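Below you'll find a set of structures to go through.
What follows is a pair of complexes built around chain A, which joins chain B in one and chain C in the other.
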Partner chain A sequence: MSTVVEHVTCPFCGCLCDDLTVEAEGVEIRKVRLACSSGQGIFMDYDPRPRRPLVDGREVEWENAVAEAASILSAADSPLIYGLSSSASEAQRKAVALADRIGAVIDSTSSVCHGPTGLAMQAVGEPTCTLGEVRDRADLLVFWGCNPDASHLRHFPRFSLTAKGALTPNGRADRTVYVVDVRPTGSSKKADHFLQVDVGSDFEVLTTLRLLVKGKEPSVDTVGGVPVAQLKELVERMKSCRYGVAFMGMGLTMAPARQLNVAELFTLVAELNEFAKFSVLPMRGHGNVTGADQVLSWTTGYPFAVSFARGYPQFSPGEFSAVDMLARRAADAAVIIASDPGAHFPAAAAAHLERIPTIVLDHGPSVVASHARVVFPTAAYGVDAAGTAYRMDNVPIPLKRVISTGRLTDEEILDRIIEAVA
Partner chain B sequence: MSERLTLITGRTRKQAVGMHKGKDSPEYREATALVEMNPEDMARLKIEDGGKALLRTAEGEVELTAHAGSLPAGLVFVPMGTLVNKLIGTETLGTGMPSFKGQTVDVAAVTEREDAS
Partner chain C sequence: MMLGILGGRIYDPRNSKDGEVGDIWVKDGRVVTPEDVDQKAAQTVDATGLVVMPGGVDIHAHIVGSEVNSGRKMRPEDHRGHERARSGGLRAGAGGTVPSTYLTGYLYSELGYTTVMQASAAPLVVRHTHEELEDVPNLDKGAFIVMGNNHFVMQCIADKQPEKARDYVAWLLGASRGYAIKIVNPGGVENWKWGKNVAELDDEVIGYGVTPRQIVQTLATIADDLGLPHPVHIHGINLGRHTSARTTVEMIAALDGHRVHLCHIQFLSYGAGRGHVHRSEAVAVAAAVNASSGVTVDIGQVIFGNATTMTCDGPLQYGLHLTTGNKWINDDVEGESGGGIVPITYKPGNPINGTMWLTGLELFLLIDDPWRVFLSTDHPNAGPFTSYPQVIRLLMDRDYRREMFESLHPRARRGALLPDLDREYSLGEIAVISRAGPARALGLEHKGHLGVGADADVAVYEECADKEAMFSRPRYVYKGGELVARDGAVVADVAGRTFSVAPQYDAGLEVELREYFKKAYTVSFDNYSALSGHGAPTEIVACG
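Now for the complex of A and B:
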């Protein structure tokens, strides 16, 4: 039977484009309209065949896999729950409940993407907005240390660079666009102005911008590889725009100074509001990594790197963040939900996941699943399961089920594990 | 001859597409087994466009296909993935975030390493 589902949300990246049309023949997805090349793969490469759970690589019954997972977690002194960002918020809540029940450390992929942004928000606040406001009003866009042209392919046409809105009817022609980065990128080629910063110099450049906003004169001609004259021009545009929005990415969070870079940008944006309306948004990567921060914040008070070992939530990035837990060999069991630290962590941290019993919930194969003790094959939210995800601007967007495979969701499996742990 | 350069990692369109095909797929392997370099750095190190470069840090080493790109001198870019993660240390400076961007790395042409051994 062929079906056509409209207004489908792509669950891949933080743009959560909710205008897709998906055509399927039974459980085979035949065609996806409007998704970018990154989003197409989520649907077109989806393997809908039924799969059974694995224990030590052998297929087992569900109750056996659940019992094995429960016995691993009941025996563990310091279990780690990690991932969450490609799951739905309904399941993220269950993951927190499991962490609470077993006294685990819980962390999301935020710690290796915008964790430092969370730290900056805690320190200086977050002058935020929605992407709808950007589309409708923004006439000055500054992309700092991010490359949506490679990472969020429909951000430009749907929300920012070329998007047409109420006060921006001519799209691109109504906006001035800056890209600030350490190297030219696909995004910088589409900008009006490109400021190339020396690696590790973002903080100095941001501080100089704050100085210039305050009307002070730096005593040098160049900062971090950028001529001060160009920074002055940017500041003039920032102060005189109708509505400016800065987008920031891992060029700031992964570089030296990490959260200090981000805090400096957020402070600059807050200070600019004396002159013009100005906001800043982190370019969140995974489809529901923003939801992971939201759910952890509502339930524990902290966005990532939370430990329940003492029976109440404690926050300590650098200690309870997953890379640190693994590198210190502080975790003695792990539950990995819809992510692949086996591929995305430094090799020495990933290697610890091969030493400890690991339980994986994922809809497809992954490096971490290939050596896990227990693997639960799940449905994929947005493909064969419905749920809720938070867009990068913290707007919750429903994910639809476009095919029915009968596979269990992360939420259902976590429920069974919670019930089974001692 | 090797030189100490600065490594940054990041997403590319091909890396994302390859990931959906599976991390054991040729698409993923091809998309993540490359290093983009400044052409003058490549000439000095005698690394040819499309040739092999050896990248080494205290964590490990990895051989990648070098491509001339529009990078500033001294900077090399490798798409995120299992290969480059062999080079990244686990120090997070109290944040949870390793140095995926900005770590120093020794870069050499691969032929030279074979000559030397």
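Now for the complex of A and C:
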């Protein structure tokens, strides 16, 4: 039976493009229209074959896998739940319920990407807007430490660089575009102006911009490798634009000074509002990492790195963040949801994950699954499961089920585990 | 499940009970007649000497959704020291002025409240609101949908197409599963996207040429025409400014003949005072309210201590950021709204805060009809809802009120009317402003009273001289007939319902909207509705 589903949301990145059309023949996806190459991969490479859960690498019945997971978690003193960013908010809510029930630490991939952005927001706030405002109003764009040309492939045409909107009918021609980064990128080649900052100098450059906004004169000619004259030109543009938007990425969050860089940028943007309307948006990576922040915040008050060990939520990045929990050997069991810390974590953290009993929920193979005690093959949200995800600008968008494989969702499996540990 | 709450002193203003001793019988979640119950099989509670009221109804609070959650995320300092550990079937949580969702439900139960309306949601992000509402236990709820800066509405007004605006509003309420039309700083939020605001009812909205007056009049007419259970719910212009009392009175005049609810009017009842300290204009605003029978208000009483201001009023929040120097979130929402968040601490020693505090109390005491003035702190803007018992004591106990007044900054006290206001609310009047009145204004027929057919939402209190202590610690709280709190502590987690409306509209509009969405939004028309995909079912309340 062939099906055509329209207005499909791509769950790959924080853009959550929801204008795709997917054609399928039974459970085989044949064609995807409008998706970027990353999005094509999500749908076209999907393996819809039914799979059974594994315990110690051997196929078992679902009840047995659930019972094994429950016994691991019941025996654990300090379980860790991690991942979440490629799951749906419905499952993220269940993950928090499980953490609450078993007194676990729960953390999302936020802690290894935009965690510092969250800390900056907690320190100074965040003047922001939805992506439609960028498309419709923005006449000045500043991309700082991010490269959407490679990471968010439809960001430029849908929302920013070339997007046409109410006040920007000519798209690219109606905008001035800056890229600030430590090296040239695909994005910098498409900008009007590229400011190349010395590695580790973002904070100084941002501080200098704040100084210039306040009308003060730095005593040097160059800051962080950037001529002050160029910074002055940028400040003039920032103060006189109609609607300015800064996008920031891991070039700021993972560089030395981390959240201080981000807080400096957020403060600069706030201060610019004295002169012109200005907003900032973090370029969130994974499809629903923003949702993980949202769900953890509404259920616990904190966006990531939350511990229920004492019965109530406590927030401590650096202590309850997954990398730190594992590297300190502070976790004695783990539930990994739709994520592969086995492939992406620092060696000490990844090594500890191999030592402790681990339960993995994922729709495909992963490094962490290859040495997990229990593996639950799941449906993929946005492909064979429906749910909700939050776009990088916090707009919630439905994820559709475009093929019906009968696979269980993260939500359903977590529900069974919660019941079994009760 | 059958239940009898026997021998209590019943305060049920809608059914004209003002402390009469009697029994309340409950079956299957509703209040029934004694004959409907097998009294031998029913569980009974001896309420002799206790005060029995309908469960509290909060007509205006910010408890869920994108703004509230950004407030939670931004304020770890608000949560520490305000934690709640899991116990039994109850979830853990944290938060002082912006508690997490489960804790929010529990805290309301612990005050005897059973119904709360989420005061604002931008339709683009209302799916988020509904997700959180599902995670708020022990309360029935509804969400107000912001429309006062909506591009489609403003374009209809500019094009002189009121019928199209009405169809659109009807469609939008259904699509967003909203309960009422909310207006926040009409036109001012749109102008804020240009770094500007509105200051007068006849100022122009940039790009549309329409005025705040036209926006409120159009939406108030639509609410009346559609027969919505709750009228337009308005946060006016100039909130917090010394011109606000004048424009509030003008707003009331502009909406003469309509049903209107004006929210947190304390924040909109100031005049110019000496030395940059506003003065209370409660007398003028209360007079306008008293003279306009179609108007209801809630107060937004300031509570001294920590608060988190959050409104869709972007320019107001920016001003607060500049005034306080505190951290600031702004969020412009394409095509329809905006918003901001700034933490604040209200102090009696601050002359402006003192004026705000006494303005709220003066309004409570000067508005004659308790059926038209409702208890709120515009949670968490003027203070957390957990302070409602303190407000009740301030209204019922003039000595306590005077004592607190004396702690205010001298510049706030100078010339103030409050010490001369001797009025004290009765228990029956408290039952009106916190239960029966808001339920009536919301058009929730089965809420706010204990007559046959009402939802069995019941709060039982032990009367004592200190009314703050009394209302802080209900002996029993029932939600739909189930015991959810006892002796001021939550004991159960039960699911609540979400109410919404689904007025009729000309379906032909959807063809135009489909085209409109391609240009106006970054989300597909089909993915915009809170109904698309799977979502929690809402209970439709009929329009009449």
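Rule of thumb we're sticking to: the second predicted complex is superposed on the first by the 421 of 422 C-alpha atoms of A that agree within 3 Å, B and C clash if a C-alpha of one lies under 4 Å from a C-alpha of the other, contacts with A are read in each partner's own complex, and residues count from 1 in each chain.
Everything that follows uses one rule, which is that a residue touches a chain if its C-beta (ideal position, glycine included) is under 8 Å from a C-beta of that chain, and two chains touch if they have at least 3 such contacts.
Just so it is clear, the model here is predicted, and its values are computed rather than measured.
A:107 in the overlay: touching chain B, chain C, both, or neither? Say first, second, both or neither.
A:107 sits against chain B, while chain C stays out of touch.
Which holds for A:6: it touches chain B only (first), chain C only (second), both, or neither?
After superposition on chain A, A:6 lies in contact with chain C alone.
Looking at A:394, would you say it contacts chain B, chain C, both, or neither? Reply first, second, both or neither.
A:394 contacts chain C only, not chain B.
State whether A:261 touches chain B only (first), chain C only (second), both chains, or neither.
Touch partners of A:261: none, neither chain B nor chain C.
Check whether A:183 is in contact with chain B, with chain C, with both or with neither, and answer first, second, both or neither.
It touches chain B, and chain C stays clear.
Given the touch rule stated above, what does A:324 touch, chain B (first), chain C (second), both, or neither?
first
A:160 contacts which: chain B (first), chain C (second), both, neither?
Neither partner.
Examine A:312 and indicate which partner it touches, taking first as chain B and second as chain C; both and neither are also allowed.
In the superposition, A:312 touches chain C alone.
A:45 in the overlay: touching chain B, chain C, both, or neither? Say first, second, both or neither.
In the superposition, A:45 touches chain B alone.
Sort out for me which residues of chain A touch chain C in the complex.
Residues of chain A touching chain C: 6-7, 9, 18-19, 89, 93, 97, 100-101, 118, 121-133, 135-137, 158-159, 166, 242-243, 270, 273, 276-277, 279, 293-294, 297-303, 308, 310-315, 386-388, 390, 394-400.
Touching residues of chain A toward chain B in the complex: what are they?
12, 37-38, 41-42, 44-45, 107, 111-112, 115-116, 119, 147, 150-151, 153, 182-184, 196, 198-200, 250-251, 253-256, 258-259, 285, 304-305, 317-318, 321-324, 326-327, 340, 342-350, 364-367
Could you list, by residue number, the parts of chain B that touch chain A in their complex?
6, 8-13, 16-17, 19-24, 59-60, 69-72, 74-75, 77, 80-82, 85-86, 88-90, 92-102
Can you list the chain C residues touching chain A in their complex?
Touching chain A from chain C are residues 64, 66, 68-70, 72-76, 78-79, 83-87, 91-95, 98-102, 124-125, 127-128, 131-132, 135, 192-195, 318, 321, 327-335, 341-342, 519-527, 532-534.
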